[in-house]
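Consider the two complexes below, in which subunit A is the common component and subunit B and subunit C are the respective partners.
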Partner chain A sequence: MRLLPLKLGLKIIENSWVRSFVWRSDIFFYRVGDVVSPLVQILIWNAVFATTTAFAGYTKETMISYVLVSSVFIALSRNWASENVGREIKDGLLNQYLVKPVSYVQFVMWNTVGRTMLATLMALVVIVVLGFVYREELYVPDFPHLILSVMIVAVAFVMNILLSIAIGLVAFWITSVEGFSAAYYNVRGLLAGGMFPLNILSPGFLFAMNVLPFSYTGFVPTQVFLGKMTVVESLAALAVVSAWTVALVVIVGVVWRLGIKRYEAVGI
Partner chain B sequence: MKLSAHKLRRYAWIWRRAVAMHFGTLVTSRSDFVFFFLGKMVRMCFFFVFFISIFAVAPTVVGYSKGEVLLFFATMNLIDVLIQISWYRGFFLLPRMVRDGDFDFMLTKPVSPLFMIAFHIFDFLDLTTLPVAIGFLWYAFSLLPSLGAVAWIGYVIFLMNALALAFALNMTLAALTFRTVQTGNLWGVFRDLMYILRFPPEIFPRGVQFFLTFVVPMLVIVAFPVKAAIGRLPLAVGVYGLAISALALVLASKFWHRGLRAYSSASS
Partner chain C sequence: MNDIVIDVRGLRKTYKSYRKAAGFVGSVRSIFWREAVMTEAVQGMDFSVRKGELVGFLGPNGAGKTTVLKMLSGILYPTSGEATVLGYKPWERNAEFQKRFAIVMGQKSQLWWDLPAMESFLLNKEIYEIPDRTYKESLEELTTLLDIKGLLDVPVRKLSLGERMKAELVASLLHRPEVLFLDEPTIGLDVSSQLAIRQFLLRYNHENETTILLTSHYMEDVVALCKRIIVINKGEKVYDGSLEEMVRETSDHKVLTVTFTEAVERKSFELLGRVMEYNPQRVVLHVPRAESKQVAAKMLTEMPVDDVLIDEPDIEDVVRKVFKETGREGLRKYES
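Right after this comes the complex of A and B.
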């Protein structure tokens, strides 16, 4: 498979930005959610730490740092590609890509990068403001842990896009992927540690989460950032998320080839 | 609009037909049922585990016992499910219908467009989670000392009031579609605000409590029924809660009709 030229990829990103800016007020309201979720979590933990000094190995400061940092990482690695891919297959809109000299999967990847970048930039502004407000409590990592956590998130970002595309491609076989996508969106934030640190639950559950890909988009890089994992453990985590990414490249390729054979352009 | 017995029967018949037709489209993708249900269950279970974990170390949160905090969570769940089942999906689809020109089909029918938009989708997917939501509520009440008749009556009255207020707020959001077509993320803000109501309002700073009670009265939706049940709702504040819902319904209705007059059917 030939890779799309960088110039074309950047054009796809530019187009996705232009489309997003058509509805500017909607972008603003979308960002409100980025404030609400971490802020409420911080307030909850403030209330909990008013009656106790430690919770599952976290102090008030490390817990607030966890909330802020994991919010940034989850915002950096999220996307909504599965719903779009599923709809384009279901409604027959995929046809317009098939007649173009562009790989559909690569187009979706670039387009998702564009859409996510815009959302992420705005999320970062919001969370940086929250970080400034809670700067006294914020944990500052050493350089190796900072770099390793950012590297894990960068790989997890690509992995998450591939995972979303793989889920969207299931539409080749089932009538609707809306339920599948909704379940995925519902679950991924929780399994990424978006509501609370996963290590407050049982070790068995934590082991399962370390095997699955979701925790590498939030919980694991945050643990690295907070220095709760050694450099060796962090490198192992980077290896796991990289392995998932390579596996998903293969899975998406296979699913696409099998799916396109049975595609009948229903909906046109 | 004058309501006669004949008109009520006709609307009931239309609603039954809309429900049956929507059910017909849903059963074509049965997998949606399963995945949607699983996603919701995982989400509810995570919240539940979160609360249990907190109360394993903290005897109270902002002065509320475990049962009382769980009652906030369970009541929010119940109201959320009832809203989703009854009208949320219908209103939520309005922006897409306006963009695609499908809303015109609603206008040409000899039925109230508000009724058609709000109630043409009965969400069977969320109906599957209703027994679980009731189960959580039962468990929360079982942790509390037995409630007197006044507390039960107060809870039920403010639960009804919450649904009326939520309907008014959703109608207002839907009416905004006629002014700015893309309102998807505004619905996201409503959902975010709903989710923060699963916690006792006292975790928020006083200014936020004031804002969520008197400016965007979301606290009236969940906090008021719970506080009425546990005897923490002052009479004057309760009367305000009932009055604000009535006022919101009147204003939302006016806003909807004004919006409808501004609708230009540009997509058709």
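Right after this comes the complex of A and C.
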């Protein structure tokens, strides 16, 4: 498979930014949404820690740090590609990529990088403000843990895009992936640890989460950041998420090759 | 001399769809049980096109025109059969092949809707790896010819349909394709925009020797642009040849339009041919092809004729007749 030239990739990113800026009010309201989830979690945990000093191994300080850091990591690694891919297949918009010397999957990857970068920058502004408000409670990691957590998030970002594309490509078989995709976004948020730290539940559940890819986009790198995992454990986590990424490159390739033969290019 | 650019042999495409009963109950039932329906969109098509030819694809809705174009541009895999365009199998989607052809779909835009057309052009420049100089020259030439220089920084969603189609053409031609597929390029356009697009295509085809395959619902497009037409109906090719020849072959009459200096009674024409329109000073007759000259001569000598016009039948009527006859069971084919 031929990789897209870097110049084209950068042009795709620029193009996605220009498109995002067309709808300035949209950008604003999406960011309003970003602040709600961490804020609600902080309020709930404040209520919980009003009556106790420790909960499932977390103090108030580490729990609030968890909420803020996991919000940043999830914002860094998320994307909305499955909806777009599904719609482009369903509505026949895929046609315009199929007739050009460009790989659709790679185009979507660059485009998603562009879209996500911009959304993330905006989300970071919101979370930095929250971080400033709660600066007394925020945990400061040592350098190796900081670097390792960022590396895990970076790989998880790529893995997450591939996962979304694979789900979007299911549209070759079930035509509309909108319901599937909406369910996936919700489950993904929960299993990434975006609503609570996954280790407050049973060890069996936690084991399953360590095997599945979702927790590597939020929960796992946050545990590394908070120093709750050793350097060796963190390296093992990095290996797992990298293995998932490689596996998904293969999966997306296979699903694409099988799906494209079924494609009916409706509605020109 | 081997200058065949498009070669199609036994090309077939069968679509699978599902039948669903109407109403809520039908919808619920279809979740668990669906009846598959196979539709033969293209049933074994053969034709070839030489370099520089401009060929019109004619056929009623659902005839399979667009499906053929989709297979030739590599969007669809055929169910069976073979096709090569510029020597490549289109559905293998070889990048070298894709840099040498383009498809314009009248009802599907390749331009980014929210952005000025220029952004789409620049993206295509990178996708097709067009050198800076070629890009500048092509852009200048195309935007001048199509007269849209002043619209390049207007968001596409704010362009009129005609302006958008011109921008689509620019986007598709920047990489100077040798083969161009046009699917309904003038659909929904007003008369002057249709004319502008037509004139552009004629000139472009002539100057660049671009091979063009075009589908259109507008007969004017086909008459103005295509020396050769391929008529398809129900997925089969029913005619391949020149438009004039099809008219000659399929209609056994000519149209005589005669005006008079004085009123002439209707019954005077009844033995000469079929009266299609009549008023005392003008008549339109359908006359058997072989007799048209004699009938005209007879009228000129025996009636107070002001003017006589001998014409081929209206092309739209001929095509409608061909569609109707070839659409029936026990398909009739016209051979050129």
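Keep in mind that, in the parts below, the second predicted complex is superposed on the first by the 268 of 268 C-alpha atoms of A that agree within 3 Å, B and C clash if a C-alpha of one lies under 4 Å from a C-alpha of the other, contacts with A are read in each partner's own complex, and residues count from 1 in each chain.
Definition applied: a residue touches a chain if its C-beta (ideal position, glycine included) is under 8 Å from a C-beta of that chain, and two chains touch if they have at least 3 such contacts.
Bear in mind the structure is a predicted one, so any value in this text is a computation, not a measurement.
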First, second, both or neither for A:R2, with subunit B first and subunit C second: second
Contacts of A:S176 with subunit B and subunit C, given as first, second, both or neither: first
Contacts of A:L98 with subunit B and subunit C, given as first, second, both or neither: second
First, second, both or neither for A:M117, with subunit B first and subunit C second: neither
First (subunit B), second (subunit C), both or neither touched by A:L138: neither
Which of subunit B and subunit C A:L206 touches, first, second, both or neither: neither
Partner chain(s) touched by A:L235 [first = subunit B, second = subunit C, both, neither]: neither
Touching partner for A:Y263 - first (subunit B), second (subunit C), both, neither: second
Partner contacting more residues of subunit A (subunit B vs subunit C): B
Shared subunit A contacts, counted only where both subunit B and subunit C touch the same residue: 22-23
Sites on subunit B touched by subunit A in the complex: 28-29, 31-36, 38-40, 42-43, 46-47, 49-50, 53-54, 57-62, 125, 180-186, 188-189, 192-193, 195-196, 199, 203-204
Sites on subunit A touched by subunit B in the complex: 22-23, 25-30, 32-33, 36-37, 40, 43-44, 46-48, 50-52, 55-56, 174-176, 178-180, 182-187, 190, 195-196, 200-201
Interfacial residue positions of subunit C with respect to subunit A in the complex: 15, 66, 70, 73-77, 93, 95-96, 98-99, 101-103, 105, 107-108, 110, 112, 114-115, 119, 122-124, 126-129, 155, 183
Subunit C-facing residues of subunit A, complex: 2, 5, 7-8, 11-12, 15, 18-19, 22-23, 92-93, 95-96, 98-102, 260-261, 263-265, 267-268
